[in-house]
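The same subunit A turns up in both complexes below, where it pairs with subunit B and then with subunit C.
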Partner chain A sequence: MTHSEVIVVGAGPAGLSAAINAANCGCEVLLIDNGNRLGGQYWRHMAKERDLLNYSLHYDFGRGVSLRDSVLNHKKITVKTQTQIWSAAANDEGVVLHALAPGNSSEIPREIVFETQHLILATGAYDRALPFPGWDIPGVMTPGAAQSLLKGHGVVAGKKMVIAGSGPFLLPVASSLAEQGVEIVGLFEAHSPRRWLRRVFVLLSNLGKLTEGIHYGRILKRRAVRMKFGFAVIQAHAGDDGILTAVIVARIRPDFTVVVGSERKIECDAAAIGWGFTPDTSLAGALGLPQKVDVDGAVVVSVDERQVAQSNSEMSVHAAGEITGVGGAVLSLHEGAIAGLSCALLLGKITDSQYQNTTKELYASRLHAEKFARALKDVYVIPDGWRTWVTPSTLICRCEEVSCGQVDTAVRELGARNSRDVKLFSRVGMGMCQGRVCGRNMADYLGSDDGDRIRNARRPIIAPITLGELAQDPLL
Partner chain B sequence: MSEKVITCTLNGATLTAISGQSVAAAMISHGERINRTTRIENSPRGIFCGIGSCFDCLVVVDGIANQRACITEVREGMTIQTQNGAGT
Partner chain C sequence: MNSTADAVVIGAGIVGVTTALALVNAGFKVVVVDRGNVANGTTGAGEGNILVSDKELGPELDLAKRSRDGWFELALDVGDGDESGGFELEAKGGVVVSRSEDGVRALLNLAQQQGNVGIDTRIVSTSELLELEPNISKEIPGGVWYPQDAQCQPMLAAAIIMRMFRSRGGEFLCDTVVRKINTRSIESDGCLSITGIETDRGDISTPLVINATGTWAGEIAEMAGSSLPIAPRRGFILVSVPAPHLINHKVYDADYVANVASGAAELQSSAVVEGTSSGTILIGASRERVGFKSDLDVAILRKLAAQAIQLFPILAKVQLLRAYSGFRPFAPDHLPVIGEDATVKGLWHNAGHEGAGIGLSPASAQLIVEMVTRQKTFMNPSAFSPGRFGKYE
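For the complex of A and B:
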C-alpha cells in the first residue's frame, strides 16, 4: 500500500489545477488518471512530436501545455497514468483506493492500493447520448468519440459526417473535423439560438466564450458548413454490412417532439450525436459522498464553498470540476485550485489568512463561471420529448440489450415503480458500463424523482475486474 | 519517446498504426468499423463514447476478451480480434 499526503483522481483541467495548487503550497501529491496522458478529455492530445497538429486541433492548447508541463516537472507531484481505480472505501481515518495498473512485464494489469487522508476527486464527465432507433449501429457515436479519435489519435471518424444534438460542444467538434477535410453533410442544433436572447447579459459578460464561439463560426463559414437550428437526428439506418449508411433528421419542437412530415434522409458514413455531458460520479458514489440532482437532471457531488464533500478532523474528500455540476474547463480550473488550496490548509501547509487571501479572487471567478454554466444549462435543457422518438424495439440499455418495450412491460405488467425494480425485472443498467449510458435516460424515461436518480447512480464497483486480476498479489 | 510505426494483426491480417494510437483508432483508420457482435442479438457494435465509459468497442487483445479498444494502446506484435458475443 502506498500512502500520499494528497491524492488527486483525474488529470483534466480540475485535477491538474488541484494538483499544482496543493503542490505549490508544499503538499506531496499523487495524481492518478486512467488515460495515457495528462489533460483529460478537454486537453486530450497526441505525443509531443505531433504538437503542431495538437495546437491546430485545440482552441487553447497553450494553457493546457503549460499546466501539464508544470505538473510533470513539479518535484512534489508524482503522476500515475493508465491507472484505473475499480473500488474505493472511506472511513473516519482516511480513504483507500484499489486500482489496476499495467504490470511491469506481464500484460495482465496488476492491482495497486493507495491510501490518503486527503482525496480530491476530479473525475470529469462524458457525453450524454439519447436513445433513438439505430443508435447502436456502428458509425453512430458521441461527439466526444469523434473528438477523441481526432485529438488523441489523429484519426477522423468518417469521410462524410452528420453532427447533431445540443450544446456548444458541437461547434469545436464540427470545426475541427471540417478543418481535417471531413465533409460535414449536416450540423444540427436542437434548440433555437433565440434562447440566448433573454441571457444576452451573461453572454456579454463572458467575452472569452463569445470570442471562442466566433472562432468556430469563422472556421465553419470558411468550410461552408451551416448550422441548422431546431432539428435532431431521430433514426439511423445501416446497410447490409450492418454499418451506418444514413440518418433521418426531423424538425423538432422546443419540447423535442417531432414535427411529423419534416423528416428527411441524409447519407453519411458517421454521425456524432450528443446532448451535453453527464458527470462521472461513479467513484464519488462508491465512497458514499453526499450527492444531489443538478438543475439539468444530472446526479452530482454536493460540496461546500471549499469544495469539501466530506471531512472530519482526520481526513477530507474534496470534489472539483464537472462532477460537482457540468460547467466547462474554466469553472473546473477555479474549483480545482480551491480544492488544492483547501487541502493545503487542512494539512497546515498554509494559514487560514493565507487561504483567504489566495482564494478571494478565486471565489469571485468561480461564481462568475457558475453563472455562465447555469445559463448554458437553461439554454440547452434536454426535455423528455425524445421519448417519442423511440419504438418498443429501440434499445435503452446498450450493454444488456434491453429495449424500451421490455422496460414498458416491467412497468405495466410487472409493477416496477423505480429504476431498481426495472433493473431487477429487465437487467437494464446491469451491464459493463454500470449504467453510465442508460442510467440518466432510464430515470427520464420513468420520470424518476431525485432519490431514485441518486440511488441508481451509486455502484460499489467502478470498473470491471476479472477474477484473474483480483487473484494476483498487489504490485504495491 | 519518439513516434514509430507499430505492426499488429487484426483477425490475422496485418494492421499498422502509430505508437500511442488506440486499437479503436487503428481499426477506424483501416476502415474497420465493427469491433464486436453482441451476446444476445448478435448485432454489430463499433466505437461509441470513445473515452472508456460505455464498453461498446470491446475486442479480444492477445487472447483476452472484453478489452476496450478506445483506451487500449497498440503494441508491437499485438494480436487483435473482433469479439463475438462474450468472447469466450
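For the complex of A and C:
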C-alpha cells in the first residue's frame, strides 16, 4: 500500500491547480490520472514533438503547458498517469483507492492500492448525448469525442461534418475541425442568442470569455461557417453499410419541441452532437460523499466554501472542478487552488491567517466565475422536450439496446416508478457505460426526483477491471 | 383509506408475489403491501437460481423438485404463451464439479442419493465435461450434470407475476409501510388472532396476513407479537461485460453445497459461474453474516474472481463490469419458514429461504394456499413449521 500526504485524482485544470497549490505550501502530493499526459480533457494533447499542432488546436494551450510543466518539475509532486482507479472506500481514518497501473515488468496492468488522509477529487465531466432516432449510428458522436480524436491523436472524425447541440463548447470544436480542413456543412445551436440579452452584464464582466468567443467566431467566419440558432439534429440516417449518410435538422422551440414542417436533410459523414456536460461522480459516489442535483439537473458533489465534501479531525475529502457543478476551466482552476490550500491548512502547513490571506482573492474570483457558470446553465438549459424526438423503437440505453418503448412497458405494465425499477425490469443502465450516458436521460425521461437521480448515479465499480487483474494480489 | 381483504401479503419479492398470485387463483381477495416496489429487496439482488442440484436429501429437496416444475407451469400461466414466461426462464442445466478426487467421490455419492429420489443426474467424465463446457479447466477430474437446473431473471419474473396478479383482481400498494399489525386475544387458548394491519396509507381489515418479507421477516413477526430468527447472510455477485457463449451452464464447485449448509458467521466462498441470456457472466458466491452492511469488499471480490478463474481460466481476460451485494434470509437450520405462526392465529410466514427463494417460491406459495384452505398438502410441511424455533429472543 502506498501512502501519500495528499492525493489528487484528475489532472485537468482543477487537479493541476490543486496539486500545485498544495505542494507550494509544502504538502507531499501524489497526482493520479488515467490519461497518458497531464491536462485532462480540456488540455488533452499529443506528445511534445507535435507541439506546433498542439498549440494550433487549443485556444490557451500556453497556460496548460505552464501548469503541466510546473507540476512535472515540482519536487513535492509525484505524478502517476495511466492509472485508473476502479474501486474506492472511505472511513473515519482515511481513504483507500484501488487502481490499475502499468506493471513494472509485466505488460498486464497491476493493481496498486493508495492510501491517504487527504484526498482531492477533480474527476471532471464528460459530454452529454441525448437520444434521437439514429443516435446509435456509427458516425454520430459527441463533440468531446471528435475533439479528443483531434487533440489526442491529430485525427479528424469526418470530411463533411455537422456540429450541433447546445452550449459554448460547440464553438472550439467547430473551429478546430474547420481549421484542420473539415467541411462543416452545418453548425447548429439549439438556443437563441437572445437568451444572453438579460445576462449582458455577466457576459461583459467576463471579457476573457467574450474574447475567446470572438476568436472562434473569426476562425469560423474565415472558413465560411455560420452558426444557426434554434435548430437541432433530430434524426440520423445510415446507408446500406450502416454508416451515417445524413442527418435531419429541424427548427425547435425553447422547450425543444419540433416545429413541424421545418425538417431538412443534410448529407454528412460524421455528426458531433452534444448537450453540455455531465460531471463524473463515479468515484465520489463510491466514497459515499454527499451529493446533490445542480440547477442543470446534473448530480454533483456537495462542498462547503473550502471545497470540502467530507472531513473530520483525521481526514478530509475535497472536490473541485466540474464534479461540484459544471463551470468551465477558469472556475475549475480557482476551485482547485482553494482545495489545495485548504488541504495545506488541514495538514498544518499554513496557518489560518495565511489561508485567509491567500484565498481572499480566490474566493472573489471563484464567485465571479460561478456567476458566469450559472448564466451558462440558464442560457443553455436542456428542457425535456427532446422526449418528443424519440419513437418507441429509439434506443435509450445503447449498451444493452433497450428502447424507449421497452421503458414505457416497464413503467406502464410492470409498475416501474423510478430509475432502479426500470433498470431491474428492462436492463437500462446495466451495460458497459453503467448509466454514465443513459442515466441522466433516463431520469429526465421518467421525470425522476433528486433522490432517484443521486441513487442512480452510484456505481461501486468505477471502471472495468479484468477478473485476472482483480484476482492477483496488489503490488506493494 | 381503509379497506378490507381476505388476505394481506406483506412483501413484493418473489415469495410475496407468487403467494399473492396463488391466493388470487384460489379465489381470495388479496392486497399486497410493500414499503418499496416489486423486487426491491433480496429478489432484486439475486441470480435467479432454480436448482435441484445443491440440495441434500430431505424436505428442501422435495420442495425444490415440486417448485422447479412449478416455475415452468407459472411461466405458461403468466407468460402469454411464451415458454420462458417473458422472464428468461430456461432449463440451462447445472454442472457441479470438484477439483479434487475426494471431492468428486463425495459429489458422486450425493448424486446417487439424489438420483434415487428422481432427480436427473448424469455423471460426466473429464472429456464429457469439456463437451458441456469447452472452456472449463482441463484439470478438473469430473463432475455431475443436472439437466433440470434452471434459471430466470428474478426481477422481471416478480414484475410479470405481479402484473398477472393485478389483472386477476389483486391489489398492490407500493411505497406503503406497515406500521402495526392488529390482533385480538383468543381467551380460550391464550393465543392472538389477526384482525388487520395499519399502514401509512390507511388500514386494512383482514383475518389473514402472510409475512413474505424475507430477510426482514423477523421485524414483521415482532410487530404481530411473535418472533422469527431470520438474519441477513450477505452475498456478493460479480457481473462481467457481455461475453456470450463462454459458459453454457451454471457451473459450480462442490464446496458450494458445504458452504450453503454451514451456519458459520465468517466468510465462506466457493465458485459459482454462469452465463446468462443477456450475455453477461455472473460470478458468486460468498456467504457471511455481517448484518445489513452493503459496502463493497475488495478482498471478497478478489477471492471470488480467483475461484472463478480456477474453474474457467479464460475468465482472466474478461472484464468485471459491476458488483453488488444482497442479503439472503438466513434461518439457523437453513430451512424456509412456511406455515402459520405458533402463537398468532392468522399470521402465516413464508420467508427464510436463504439463497434459494427464487427457486423455492412457487412450491412454497402452493404449500401456503393448501394449508390456508385446509387442503391436503403435496408434501409434509412440518419441517418448515415456524413453531420449530420455539420462542426466539
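In this section, the second predicted complex is superposed on the first by the 475 of 476 C-alpha atoms of A that agree within 3 Å, B and C clash if a C-alpha of one lies under 4 Å from a C-alpha of the other, contacts with A are read in each partner's own complex, and residues count from 1 in each chain.
Here is the rule we go by: a contact is a pair of C-beta atoms (placed from the backbone, for glycine too) under 8 Å apart; a residue touches a chain by one contact, two chains touch by 3 or more.
Note that the coordinates shown come from a computational prediction; the quantities given were computed from them, not determined experimentally.
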item	value
Contacts of A:Arg459 with subunit B and subunit C, given as first, second, both or neither	second
Touched partner set for A:Leu414, first subunit B, second subunit C, both or neither	second
Partner chain(s) touched by A:Ala471 [first = subunit B, second = subunit C, both, neither]	second
Subunit B versus subunit C as contact partner of A:Ala47, first or second or both or neither	first
Which of subunit B and subunit C A:Gly144 touches, first, second, both or neither	first
When both partners are placed on the shared chain, which of subunit B and subunit C touches more of subunit A	B
Which superposed partner A:Met432 touches (first subunit B, second subunit C, both, neither)	both
Subunit C-contacting residues of subunit A that also contact subunit B	400, 431-432, 464
Interfacial residue positions of subunit A with respect to subunit C in the complex	87, 89, 98, 286, 400, 410, 413-418, 420-421, 424-425, 427, 430-432, 434, 459-461, 464-468, 470-471, 473
Subunit A-touching residues of subunit B, taken from the complex the two chains share	1-3, 18-22, 24-25, 28-29, 33-35, 38-41, 43-56, 58, 62, 64, 66, 70-71, 73
Touching residues (chain side subunit A, partner subunit B) in the complex	34-36, 41, 46-47, 49-50, 107-108, 126-127, 129, 136-142, 144-149, 152-155, 157, 241-244, 280, 398-401, 431-433, 436-437, 464
Partner subunit A, residues of subunit C touching it in the complex	37-40, 44, 155-156, 159-160, 162-163, 172, 174-175, 238-242, 278, 280, 283, 295-296, 298, 301-302, 305-306, 308-309, 315-324
